[in-house]
Structures are given as C-alpha cells and as structure tokens.
Amino acid sequence: MRSDTPFLEAKLEHRRGSFILRAQFVLRSHWTVLFGASGAGKTTLLRIVAGLTQPATGSIRLGQNQLVDTTHKISLPPGQRRIGFVIQQAALFPHLTARENLGFGLHEWPRIARETRIEELLRLFDIEAMAGRKPRQLSGGERQRIALAQALAPRPDLLLLDEPFNALDAQSRVAIIEKLRSTAVPVLYVSHDIADAWQINADAIVLENGRIVSQGETRAVLAPQRDQILAQLGANAKA
Amino acid sequence: MDLQALSVTLRLAAVTTVILLLLAIPLSFWIVSTRSRLRAPIEAITTLPILLPPTVLGFYLLVLLGPRTALGRVWIHLTGHPLAFTFSGLVIGSIIYSLPFAVQPLVAGFSAVDVALIEQARLLGASRWRLLRSVLLPLSARSIGAAALLCFTHTVGEFGVVLMVGGDIPGATRTLSIAIYDQVQDFAYAAANRTALLLVVIAVASLAALYAWRGAYPGAHHEK
Amino acid sequence: MFELRRIFSFAVLAACILTSHAQQTLHIAAAADLEPVFLPVIAQFTAQTGVCVEASYKSSATLAAAIINGAPFDLFLAADLSFPQRVVAAGLAEESAPIPYARGTLVLWTRNDSRYHQLSMDSLRDPALKSVAIANPEHAPYGRAAKAALEHLGLYDPVKSKLVIAENIAQTAQYAESGNAELGFISLTSALTPQLKSAGHYIEVPREAYPPILQGAIAIKNSQNARAAHQFLDFLASAPVVHQLEGGGLGPAR
C-alpha cells in the first residue's frame, strides 16, 4: 500500500574511517526493502534512523516528529523515536521470560492494557506455549518471533528489520513476512537476498558503497538484479 | 581467643562492603556509560588506592581528617570528635582502601554485558536508572558477588590503614590484624599464631561459601 | 649555628651514600625516640672515624624481633633494657647484659591551639578531655612509662577510656601533632624538634612518677663491624656527644 505523502523523510551523511554514507530518501510504502551487498552501509543507515549512531550531518522526520536535525542540534534519544528494531541475533534479555521480554517496552502502560497487548502479540506470533520460558530454552526461530513481538509491542511508528530471518527456512520466512505485512506498522527491511526482496506492493532502495543508486517500486528497481539471477540460474540449468 | 577483635573485624568488613557497593555501583555505571572527558582521570583516581601503601593512605587520612583541615573541623563540629580513633573513621579509611576492589569487577561486569541488549533496552524506552536496575545489575550478578567478596576479604586483612588511624581501641578499632601485630610485638608468639589461624580459617570459610554460592563455571565439565 | 650543623650532617650522609668503593658501613638498629637527635651525631662519627653509618629507626620491640630473626644489624640501641635483654637471652649479643647509654624523658605535650594553654598533669583530670595518645604500654618503653606515671598519680582510671594507643613513640607524636589527640605522652627528644616546638608546648612528667627510662645498647654477636660498633658506643659516651644529646632531650645514663 502506498500513500502519496511520505511518512519518513531522511537526508544524512556519516563517516567512519574511509567509508562515507550519503543518503537521501523517503518512505511511503508499508514495506520498503533496503537492498545492497554487505558493506554497502545498510546497517549503518538503520542505526542512524534508530538513533544508535549519530550522523555527521542530517535531518530525519518521522510522522510529526523531528528525529534528527544537526543544524539545530536536535537528536531524539532512541527511546523517544517510537521505532522498533530487530537485528539478526535476537537481542532478548536472557534473564527474563518470553513474556517479560515482550512486555519490556510496555513499562509505562497501565497493567491491564499491558497484559492485553502481550496476549495479543503472543497469539499473533503463535508463541503462547513458550511464554514462560527463557530465551536459552528456545530455538532460533522462536527467539526471532519473540524479538519481533517485543519490538512491535509498544506500537512503534516504524519497524526496522536488519536481516532477522536468516536463521529461518524459506517457508517460515514467507509466513512471518505475511504476518508482519498484515499489521499496521510500516517496515524498513534490510536484505541482500533478491527472492526475499521481490515483494508486491512494496518499495525498494538500493544502496551501493554508501550511496543510494535507485529507489522506487520494487519490481522496477530490482529488475536488473532479478534478471541477473535468472540469467545465472538459466546458465546453470543449461550446463 | 580475642572475640572482641574478631567482632570488630567482621563488622568493619561487612559495613564497608555494603556501603562500598552502594557507592561503587552508580560510579561504575557512570564509568561504563559516559562519554565525558572526566572518565579517564576519574577511573585513574579510583585505582589509586591500590598503588598507595596503606600506611601512607592512613597517614594522609589522619592529617586530612584531623582538626588542622577545614574538612576535619567540620566533622568535629558535627560529631564532637575527630574521625580518627573511631569505628566510623576506620569505615571511611576502609572504603577508600578497598574502592578499587569494588569498582574494577563492577566495571568489568557491566562492560561484559552485550551492547546489543543495552541498545535494545534504550530503544524500548528504558531510562538510565531502569537500564541499570533491570538489565545491567541482573546480568552482572556474578561480578557484583565478586566485588562484594573482594571488598570483604580485603578489608578483613586490612592493617596499615587501621594501624595509622585506629588508635588500637578495644571494641572499636582493635581489629584481628592489629591484635596479631600486638601479640607479635609482645613476643607472645603462641597467641599470635592462634589469632592468625582464626583469621585464616574465617577468611577461607567465607570465601569458600561465597564461591560455592556463585555456582559452577559455565564451561564446567559434568561427569556422567 | 644549627643550620650549619644540619648542612654538615647531610653532606656527610651524602658522601657516605655516594661513595662507591667498598667502605665499612655500621648498621644500627635504633629506637624511634632517637631519630630526632641522631643525625648530627652520626655525621660527626663518620667525619671523625671514616665509618659510614646506616640507622634504622623503629620501635624497640620490632627491632628486637628482627635481630632475633637474623636481621643483619651490628648494634642495637633500644629505648629500654628489656628488649636488648631479649637479644642477650637469645644468645645473639656480645655483652652479657645491655649497656645503658642514655636516659629518656617522658613529657606531656599539647598543640598551641588546644584548650590546654596552662598545661599541667591536672589537665588530665579535665572531664572534657577527649583523647590522650600514648605508645602501646605492652611493648613500648615510653608507653610503659606513661602508664606507670598515670597509675602513680591516680589518673589511670579516669583517663583509661580516653587513651589512644600508638604503635611507637614516633606515631604517638604524630597523633598529638596532628591534633587528633588533644594530649600526648611523647619523648622529650620529639618535643624538642623544631616542628613540635613551634606547634605546641609541653611539661615534663614528674620523674618520681615513673621508673627511669634507661636505654640500653648491645653489640650483635658475629657482626662484620664489631670494632666499629664499639667505637660508636665509646663515641656515644664521650663528653661532647653526651652534652649534645642532652640538648636534644636525651639525658646521660647515670
């Protein structure tokens, strides 16, 4: 689903050693893929949006909130940006149960609202059975589902996913992505896997060496990469 | 059997450990989480007591907390007597003396906590206080145990500072280590040996109990 | 005049330290109360005889224990007779009994800015008195003397709870000088040092109130420098040195 007004507008520049990230982009779709090879700067970009890394210069607006504006020395702390972030190694608190992990971001909520929300997410991600267990007692896939639920619990305005489904098989991955797309939360999803990225009703941003080389509707933007893969597969089939 | 000196020693170690942990936890948290330029000098200062000979430390406390300094005079005004020769004086001396033994394990424990967890906590809206209480402290419980253990046993063995500042007052500042020293000075070697043995037995017993409580090490091999 | 003497002493000491060729060095275990007065005495000895001296100032109890356990001293100058007697009993002394070489004097000292402007033994009766420093009566000669004096004057019980015990006579002076103890029973040798003289005032504790602090010396058996040790003892007994020590608070052994 695409609206004409972007809900996120970002312009940023960041330097680390000899690597320079310079990006200007908007998000309008409910599902945007951030596509690029390793080292292209995808994780850095996500971290800057989330507030875990400070850009050298930049301005980021999410909805009505100005998250970053270096010229006016504005930088909202990560906890106030209303952004969820799930990374590859699910960052679950090992000393808390799945349920407690899920509820971590709901600390300020009134008790009943908090418990209702937790139950809702346990059901949505099919993890009710493991609610009382600790992360070390769960499989990789189960942990990722809890991490997603944890990030979504406080109803963020944007969900950032940094290749969190690498441990899942293709089928589970498809199922989870469907589930995520059915929630109301827009997602910025990092991937270097063309099959993963090839979604309908989605946008894509291609990042190469710290620069955005194309952005727009997925099938248009990623067509060259798709063709490349198909050619490879075809070549292999013939051989 | 100098039970009074034993009581002073154990009380001193216990009180010092509790107060020192209460001070060292926020201090260590600040050290690992700040970007301030003051961090390095302050970390250096907290390590300083390791380098200072205890008698030198005790001497400076004697002078700095005595009636000749403004600080000492304020204390005397508030309490009616100088800090030296009191149990509280020893507690303050012990806190300074054992400070690095609390701060270093805590800093090591806090910084060993996965950064990803800290970042996730921040993203989920945790304040610094909640971060300390709900994430860092539970995940560094072993380091806190280590800090408490080290402070306690370090203070049990304290001698130089107590010698300088204590005044050898039975029931207040005459610790087991001073008692042994006095017995040696008096050439009462049999008594000194008994007191020393008592000290060693207590230290080893409490250390063993605390190590047992901390549980097996993560890589420990299970015989089956 | 005093300044010159100090410069002279330091010069001789420096010469001893800096001399590289193997020279005879006399190692003296010296009681803590000797430290304030001994530097010029040692310097003169070296100037006269060419023998360098290294002195270690500690409590007599500590030194006696060290010597009995083999510490390489040549001469032991204690603050009483009991500690050198222990060394004799251990079979480590040349003499069969300690040789008295000096007599110590006990004083009661207080800072100039304390309450006790008119200091007297009765100051110890003051109910508002908070603390009195003494050296450990169990094993420090001046501490023993102080306790004896207090008992003789019927002051021990009222003052007992206010006693603050130092390891040796030097530390006792430290407690008093820093003001942490309001009064202190220290050695006359400490009281006469420039530092304590300018910081406070004292009275001599009445001699009849305590047994005389007779300070005894022994030469250690089988030392490398036996001759130099005896030379030093003779030097200490010579009239000009006795006179000098007296000026510093250490009386002649009579």
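Labels A, B and C are assigned to the chains in the order they are written; within every chain, residues are numbered from 1.
One rule holds in what follows: a contact is a pair of C-beta atoms (placed from the backbone, for glycine too) under 8 Å apart; a residue touches a chain by one contact, two chains touch by 3 or more.
Quick caveat: nothing in here was measured; it's all calculated off a predicted structure.
Distances from each chain's CA mean to the overall CA mean are smallest for chain B.
Chain centres here are means of the Cα atoms, and by that rule the chain farthest away from chain B is A. One finds 80 Å separating the Cα centroids of chain A and chain C. Each chain gets one centre point, the mean of its Cα atoms, and the points for chain A and chain B are 46 Å apart. If you average the Cα atoms of chain B and of chain C, the two centres end up 37 Å apart.
Contact residues of chain A toward chain B in the complex are 50-52, 77-81, 83-85, 87, 89, 91, 93-95, 104-105, 107-108, 150-151, 154. Contact residues on chain B toward chain A in their complex (touch as defined above): 114, 116-117, 119-127, 130, 134-135, 138-139.
Within the complex formed with chain B, the chain C residues making contact are 59, 61-62, 64-65, 86, 130-131, 133, 136, 138-139, 164-167, 171, 174-175, 178-181. Against chain C, in their complex, chain B makes its touches with residues 59, 62-63, 66-68, 72, 80-82, 84-85, 163-164, 167-169, 181-182, 184-187.
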